[in-house]
Amino acid sequence: MLEVRNLSKSFRGLRAVRDASFDIPAGDIHGLIGPNGAGKTTIFNMIAGVYTPDSGDIFLDGKRIDGLRPDQVCAAGIGRTFQIVKPFAGLSVLDNVIVGALQRSKNVSEARTLSHTILEKLGLAPKRELPASSLTLPDRKRLEVARALATRPRLLLLDEVMAGMRPIECDLMVQVFRDLNRNEGLTILLIEHVMRAVMALARNIGVLHHGELIARGTPEQVVRDPAVLECYLGEETEV
Amino acid sequence: MTPDLILNVTIAGVLTGLVYGLMALGLSVIFGVVRVVNFAHGEMMTIAMYAAVVLFAALKLDPFIVMLPVGAAFFAFGYAMQAGFINPFITRPEHSQFMLLVAVAIIMVNALLMVFGPDARNVQVDYQLESFEIGKILLDKARLYAAIAALVAAAALFAFFKFTLAGKAIRACADNYMGAKVVGLDVKHLYALTFGLGSVCVAIAGCAMVLLVEVTPALGPAYTLLAFVIVIVGGLGSMPGALLGGVLIGVSEALAGLFIAPSAKSMFSFGLLILVLLLRPQGLLGKKA
Amino acid sequence: MKRAHLGLVLLAALLAALPAFAGSYALSVATLILYFAYTGQAWNVMMGFAGQLSLGHSLYVGVGAYAAGAIFFHYGIGPWAGLWVAILLCVALGMVIGFLAFRFGISGVYFALLTIAFAEFTRIGFDHFDWVGGPGGMFLRVAQRDTWDVAAFRGPPLMYYYTMLFLTAGAFALCSFLLKSRAGYYWQAIRENEEAAQALGINSFRWKMYAVALSSAMTAVSGVFFAFYYNNLFPEQMFHISRSIEIILGPIIGGVGTLFGPILGAAVLTLLSDGITELLAALGWEFPGIKQVFYGVVLLLVVMFLPHGIWPPLARRLGLNA
């Protein structure tokens, strides 16, 4: 479904991403891990249309999407969350999601119905009339996900949604994603540091280090890969 | 339209521009550091001008002498404004801060109108009518002295920011508010200090300006806009930029007044502002955000 | 919600019946309040809905007024035709400013300054524009003030009052409708967080342009009304920045982004200002500029203590949904 080919991006001389390529088949849950500053969010931002790649291509179902505006990328079927959550603080939780739902719904009342359903799924229904500014961080993250889901994406980009959540909240979110993936065929690409979530969800993982993909494979393979261990834990030295 | 005339008009523009530049320097410091959109900047300048007029009328004190007490008073006023009034607004949304100063500006202009009436006032000293002659060049004494005062004040400000501890601390706050707080800088005090310094610039510029033009309350908003045009053209956050911008505007206004019509002068400045905002928003010497 | 509707109906009825028991002075004050309420509402569309602070709205009032006024002055063509020219011109202007600002990423303070620059530029330009009378101004012939001549928009003060009432009610209804529609959601999303809005499929450039176009069109109508109500236009007055500030005082004091805020703000401001003028005249304290000092103080107090305007806390007190 998503093909990323030789993606590169530099910021004023700093090479954030170099020559990254990977494929995500439809219905997959793909994880993107790596130390901080490895370039994961930059890749996300290129897919989501926030940045234009310096070189390389991105294809969604065979159609080029690199260089599109963020709103065009959403229209093409990709939803995303932000690492630093961006709720519409002055609007209610429900209204936040309605904004997302209006992408595909014909009118406001249809959008409202859809939003109710999504909020139920994410456990935010009781809080739907509250202003988004009054939510705790984990709830804001859930809202972020709900909003993105409301645009009925085929591919969902999750940027560190588990950060700051308690293990039980994390497990609940994992369950939600698993259900969406299984029941609605939602393809997911997630950036995560919380290994608990990555191992539970991802069927394939790519490891990014200094902008380059240094390892790919199933969770079990990647965890044992010496290159991966080195980038996280450092080299073994003789004492 | 002889070359001599053009040359002299241009030089006059440069000198006046330096005074404008000092005024804009005050705004650059305030806007650049505290990030407060001082919409009352021109009004403060007008108050300084009136102060000079009053002191001259009452005590026959030359505006250059009056710069010291007026400057000191303005420092205190600026400090108090920031500390008491504006500091609580730092966390509020941008348009809220903006409106606060718009309100202050409205009060200032109309208070001046109430006290002094709409008629123009000025200061009359002997050397306003004299000039230095250097070949074909005629330098108005008053204009030259005003420009020198502006340069001296600007130099003093540069030195303050470059060499003193307080100056460096203020620059740190401007660069990184949170970081400055974390290393223990009393940001609120430094902000107030900055506003105070910006106000001193305005005070000195005002005392100098009153030798060159007549003052009416309506000058307030006009100077506010002019200050913003200069700061944006010259580049936000750049002190030399403010002076350069001032000179540029001074010259272009002078030439526009000569070639087009005196009343069309400011049209040129606004046109320039629009162009700069669109094509090079960081201004001539500013840093790209 | 029902309480709010009832309140609105009562207010509308009261305003419709006002001329029956108000003298001519009170009627003119009421017309002025409605004028500011309407224009404030028009400005509110750009600021309160799309989050773009325009401090140069006098541009649209001025261009609208001069467009319709000049066509009447030079060609005798009535205001209804002039209205369309005015709207077209103002929308075009608004879209130019909007395009320049949004394409080049100008927002916040810089956008405000851009709008001021355009208004000032136009002010000085019109001062040199002889076809519209230059600095001396343009004076429109008033055929008669007795009978209602809607086609030529000439008549007794009553006609102007009801026109303004109709416009204000219409603006309120329009904004109310828009706020609950897709447009309203999208505008608020853009205002709250443009990046997040884009990630949800909203073409923020296009929607911001819509807001600007609507706001400038509505304000153009204001200008046309002004031209045919006051019948004299001066560039210094029409395009001056204090005019722009006058326009925004109502919404800011009443409550930016709310529906009722501009109306309440305009009422509070005009009534208090009138009251203060009367009081000062009675005390013998008549100075030029004292009214504006008062405006400034009220604005200051509201900005400091009621940052969201008077309406939101008032609405909460009355148990209404803002």
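Letters A, B and C name the chains as they come in the text, with residue numbers starting at 1 for each one.
Rule of thumb we're sticking to: contacts are C-beta pairs under 8 Å (C-beta built on N, C-alpha and C of every residue); 3 or more make two chains touch, one makes a residue touch a chain.
Keep in mind it's a predicted model, so treat the numbers as computed, not measured.
K.L.:
By label order, what chains touch subunit B and subunit C together?
P.N.:
Of all the chains present, none is in contact with both subunit B and subunit C.
K.L.:
Can you name the chain whose C-alpha mean lies closest to the mean of all the C-alpha atoms?
P.N.:
Answer by centroid distance: C.
K.L.:
What whole-Å value do you get for the distance between subunit B and subunit C if each is reduced to the mean of its CA atoms?
P.N.:
Roughly 32 Å, centre to centre.
K.L.:
In whole angstrom, how far does the Cα centroid of subunit A sit from the Cα centroid of subunit C?
P.N.:
Subunit A and subunit C have C-alpha centres separated by 44 Å.
K.L.:
So the centre of each chain is just the mean of its C-alpha atoms; given that, what is the distance between subunit A and subunit B in Å?
P.N.:
50
K.L.:
Which stretch or stretches of subunit B touch subunit C in the complex?
P.N.:
Residues 37, 92, 94-96, 98-100, 102-107, 109-114, 117-118, 217, 221, 225, 228-229, 232, 261, 263-264, 266-267, 270-271, 273-274, 277-278, 281.
K.L.:
Can you list the residues on subunit A that touch subunit C in the complex?
P.N.:
The touching residues are 48, 50, 69-71, 74-75, 79-80, 82, 86-91, 95, 98-100, 102-103, 107-108, 147-148, 150-151.
K.L.:
Okay, in this complex, where on subunit C does subunit B touch?
P.N.:
Interface residues on subunit C, with respect to subunit B: 47, 53, 100, 104, 106, 108-110, 112-114, 116-118, 120-121, 124-125, 127-128, 241-242, 245, 252, 256, 287-293, 295-297, 299-300, 303-304, 307.
K.L.:
Please give the residue numbers of subunit C that touch subunit A in the complex, ascending.
P.N.:
My answer: residues 180-182, 185-186, 188-189, 191-193, 195-204.
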